[in-house]
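Two complexes, one shared chain (chain A), two partners (chain B, chain C).
This part shows the complex of A and B:
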């Protein structure tokens, strides 16, 4: 009787199957992400070509030879180091203050079941930034802090606080109340229960809230345009300064845009696992 | 029995009180009332302009004359405001670049320190709107576009009237010469009530850029009339070779400019001086049909998304036979780093329309913020920025038409000109037939947006008359409200 090796019989098709599966998956991933990847590729390509190649038709995709003139131009004409410093200070401080205020606020709203307050904060987030501009500008002028990093940081709280509060409400709502009840039974007061029990558990949520708030603040353009001064401008605003009326400047604009996008992009790449974990844990449901 | 005030109640009341006080303060500050402009020591009563300085909605107004400054040499001193510090809000354009480049010169001349900022145009306009509306400005000097902001600023008196300065020999440099400014420049500077709110720096005329090589290849003459434009576009259009007969602004808002430029050929303003809309008139519809014909049939694919920069790219690549836009694009077109049509461009004065020949114009200038506490030093900066030397530098850089007549004959400027002499001739010829293209109204942006959508729809094939009617109905109440 002829012996049949069933394992060997199915081994090759399985490998083939796995190979084709991987190829298909790879193809699908490429298809899905290519529009986004292409944007970055095109930006990089524009930034490394001179204007004549940037407007060429058919388009020149690979710069030959590449030039760093656009980068040299933007760095020589604008103080990008200063603008990057401003962005870090404003977004960093706005995120930090938002965490200090927003995490306890989120906890209070979640535990007090104050949905109305939650909605109110959401309304603040939905309201167009333009609505805040004139009152904030007048307030800062009256306080004589207009055009300073402090004023810009305060204005960015409009973006960061609602973000942090809203993310944290969902996190704290999902937390088992038994843990805090146990802490209270063991003699903690409400603040201690929050600080010693709820906060450590909500750490992933805090990380997500901080990252999202930071990115939103970093990318904010409107407040920077109006409230920032000549030396307190943030990076997104500085990008537009590479545009000159009556002159083609795709290269410098692309170079500036890459410089601005890079920190935000790197941050997202490095912490994307935390963001996904945090979001999946129920931080931003609904 | 007195009720005990709980901590929560205390906080609540404090918050209400605090909000109330803050609101009152904010509301109080909401009414911007700029201080009247006064020269530090005016020595003469400013005479009213001797001719009607009407807003240039039609032909350029007659020159506004200001009494010549008497015995100025002994009185004027550039160092008068030495030690002061001012902020200038410019924009990122060639004029702004030249001012910033030569800023040290001004600081050494006057002893005034200048903080100059150059945001992109759209950003700067947003900033201006917010700061002026708040009644407080972070800048003392402002660079702005008359064709967009003149009525808004003039109506609200956001920029200071500089007639006191112009008539004060101690405040005007002896060689500055107000009467060197062109009639159009003075008209842009002047409000309907005679106030002079700004010093005009630049005037932009609509011209037609033609690719001489493409015209010569098919033996087509350069256009002299609107019919010639259509006919040339038709003859030169060859999409199989990636050559298009015409290119221009198709993008919403930007495209309204092109339609308004063309409409002057029918000898009417889009909105007349009594604020009547001519946007559904037979002339406006005819003009819209011409716009539609050129943009739909002879322009590159996707022209509905083109602003000046995409149009410039198409023309600079040699893909468009004609491009209708402002006069200030010659320098990049003659620069081998950004153009493939160097030496091949004919700068054609706006051709004659069915009823008239006008070169639609726009203009920029500089004013002193009415809220500035340093109006004197700010005026000095405006004066320097619009001096003969500075405008000659802008002229030499090929940056549009300048407001001063003398720059066109300035030997140094002509010697260092980066654009062909033919361009200068076109600028000078356009100056003789200049006429404001956009209406001098407050809601210019809304006007451009609403009619921009209509024109954009026309490129897609929509009926011109229907679209203009729809846009007019939508815009009419906005205009009425703005002037109420």
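This part shows the complex of A and C:
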């Protein structure tokens, strides 16, 4: 009999262990990801089924056959094109204004070491949205612009400006100052150093700030539900109203919910890696 | 010698004047921030010391709004309820988020795609998510009760019972925000050194021991950040609760924020609501400071 190789004897259980390790890992991956997949799947499933299947019990999981009726219904019977337009205008303008004032501010705070303003922005970010809403609501009434897209855009600045300034501060602080220093020594003024040197380098940071601010503004429900009028509703407000008025028609509500959230999800793909910077930068540095 | 010091002075003067220039970069933002952020803060303080209802006359009443709040049982009961919701919506995401981060720290096929899907809930529109959950929670035909019945658990009332409404709402919050904790901890895991693990393997430590004695202490600072952000966000949670339960059944899920909203925009009690804002803001700020101090302590003890 040949002697049993001690190394081999050791290796077999090791491999088994690794196999079980793989199985356990796949089990864990499925356990971790399935709640997210299931909720989005269920949203899609509800939106592609007719009303009978949607309230059937046991539930119908796979729409057979899938129908686009719910989508056709929300766009033909309700004013979703208008609501989508409102959302694009409000979030787009609020993001644009936030970039115009926020990018230079982020640069100024990072270079001029204006910690006080950084602190102010931080407190602004932990303040509940409702705290801004009551005074702004009163102000808009006094100015008689309540219910207009202008009022909505102004209120959304509360969301977009702190977001843009935060992302830009951390971006400009991490940037190497050598290039601008060189530009300044070569006779550029501070504005030119910012506009011609720092801004082009910061373009990816500006893109991240813009996308994160836009998503936060797009997702916002609170400001819209209080300030918007009947024709100036943003998408989240419109979807919420659909739920209260058509209590049991689940298909159209699910279709509308998917239409509202799809732009946010698509934009997220571009900023996946920077989400933490945007949402947590303030606290990480503080 | 003379020349260098003169040059230094000139340089410093230049840097000083440059600081002044940077103020011009900040000025437009400061103007807007004062209009939409600082003005509301100050105006809220002013409204909170007045008897201010939409449609009737405004009267200065000092701290009376706060005195009324201190004896208002409906308001007082919102505080423990909010804290209950917050505790659930902080602890569960922290535990699940650490587990998920450990999973995504491993190597497996399609990791990038699956991480993208896992992160999607936190960027989704809360109202849309809340509506889908509302349908899933339906006691008779909701899909969640069906899934529970498959494993032999009886039908739940979810948000339709005063006993389960808060944990159920917290569940939605957990579903949506665990990914943020995961991302923060994942960043922490990526920065860990490998040497301690190598020597632990040689010493025969098992997986749990390695996590408990090496990984956990090293990711604790990241966890603290996650806890701070999660606490502030959970206290402020509005969309999910308002859309799914509107504070009901009865007032069983009326958190501070929901109470505040109803007072201001359903009952138009602007002065009263502003006093609530001041109290609410103080609670958030106090908790944020306590957590920040705890984080500093932790840093010094290490």
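The working rule: the second predicted complex is superposed on the first by the 221 of 286 C-alpha atoms of A that agree within 3 Å, B and C clash if a C-alpha of one lies under 4 Å from a C-alpha of the other, contacts with A are read in each partner's own complex, and residues count from 1 in each chain.
In the analysis below, a residue touches a chain if its C-beta (ideal position, glycine included) is under 8 Å from a C-beta of that chain, and two chains touch if they have at least 3 such contacts.
All values derive from a computational prediction rather than experimental measurement.
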Exercise. Once the structures are superposed on A, label A:230 by its partner contacts, choosing first (chain B), second (chain C), both or neither.
Key: first
Quiz item: Counting only touches as set out at the top, which of chain B and chain C does A:240 meet: first, second, both, neither?
Solution: both
Exercise. Based on the superposed arrangement, let me know which partner A:134 touches: chain B (first), chain C (second), both, or neither?
Key: both
Quiz item: Taking the superposition as given, does A:146 touch the first partner, chain B, the second, chain C, both, or neither?
Solution: first
Practice problem: Pick one for A:264: touches chain B only (first), chain C only (second), both, or neither. | Solution: second
Quiz item: Of chain B and chain C, which one touches more residues of chain A?
Solution: C
Exercise. Considering only touches as defined above, state whether A:55 meets chain B (first), chain C (second), both or neither.
Key: both
Quiz item: Which holds for A:26: it touches chain B only (first), chain C only (second), both, or neither?
Solution: second
Quiz item: Just chain B (first), just chain C (second), both, or neither: which does A:165 touch?
Solution: second
Quiz item: Which chain A residues lie in the overlap of the chain B contact set and the chain C contact set?
Solution: 55-57, 133-135, 137-139, 222, 226, 240, 243
Quiz item: Okay, in this complex, where on chain B does chain A touch?
Solution: 22, 25-26, 29-30, 87, 91-94, 97, 115-123, 126-127, 130-131, 133-136, 138, 242, 308-309, 312-313, 316-317, 319, 326, 328-329, 331-332, 336-340, 399-400
Quiz item: Can you list the residues on chain C that touch chain A in the complex?
Solution: 18-19, 21-26, 28-33, 36-41, 43-44, 47, 99-100, 103-104, 106, 108, 114-129, 131-136, 140-141, 143, 146, 175, 179-180, 183-184, 187, 225, 228-229, 232, 235-236, 238-239, 242-243, 257, 260-261, 264-265, 270, 273-274, 277, 280-281, 284-285, 288, 292
Quiz prompt | Residues of chain A that touch chain C when the two form their complex | solution = 25-26, 28-29, 32-33, 35-37, 39-40, 42-43, 46, 55-59, 97, 100-102, 104-105, 107-109, 111-114, 117, 120-121, 123-124, 126-139, 154-155, 157-158, 161-162, 165, 190-191, 194, 215, 218-219, 221-222, 226, 235-236, 239-240, 243, 250, 253-254, 256-258, 260-261, 264-265, 267-269, 272, 275-276, 279-280, 283-284, 286
Self-check item: chain B contact footprint on chain A (complex, rising order)
Solution: 50-52, 55-57, 133-135, 137-139, 141-142, 146-147, 222, 225-226, 229-230, 237, 240-241, 243-248
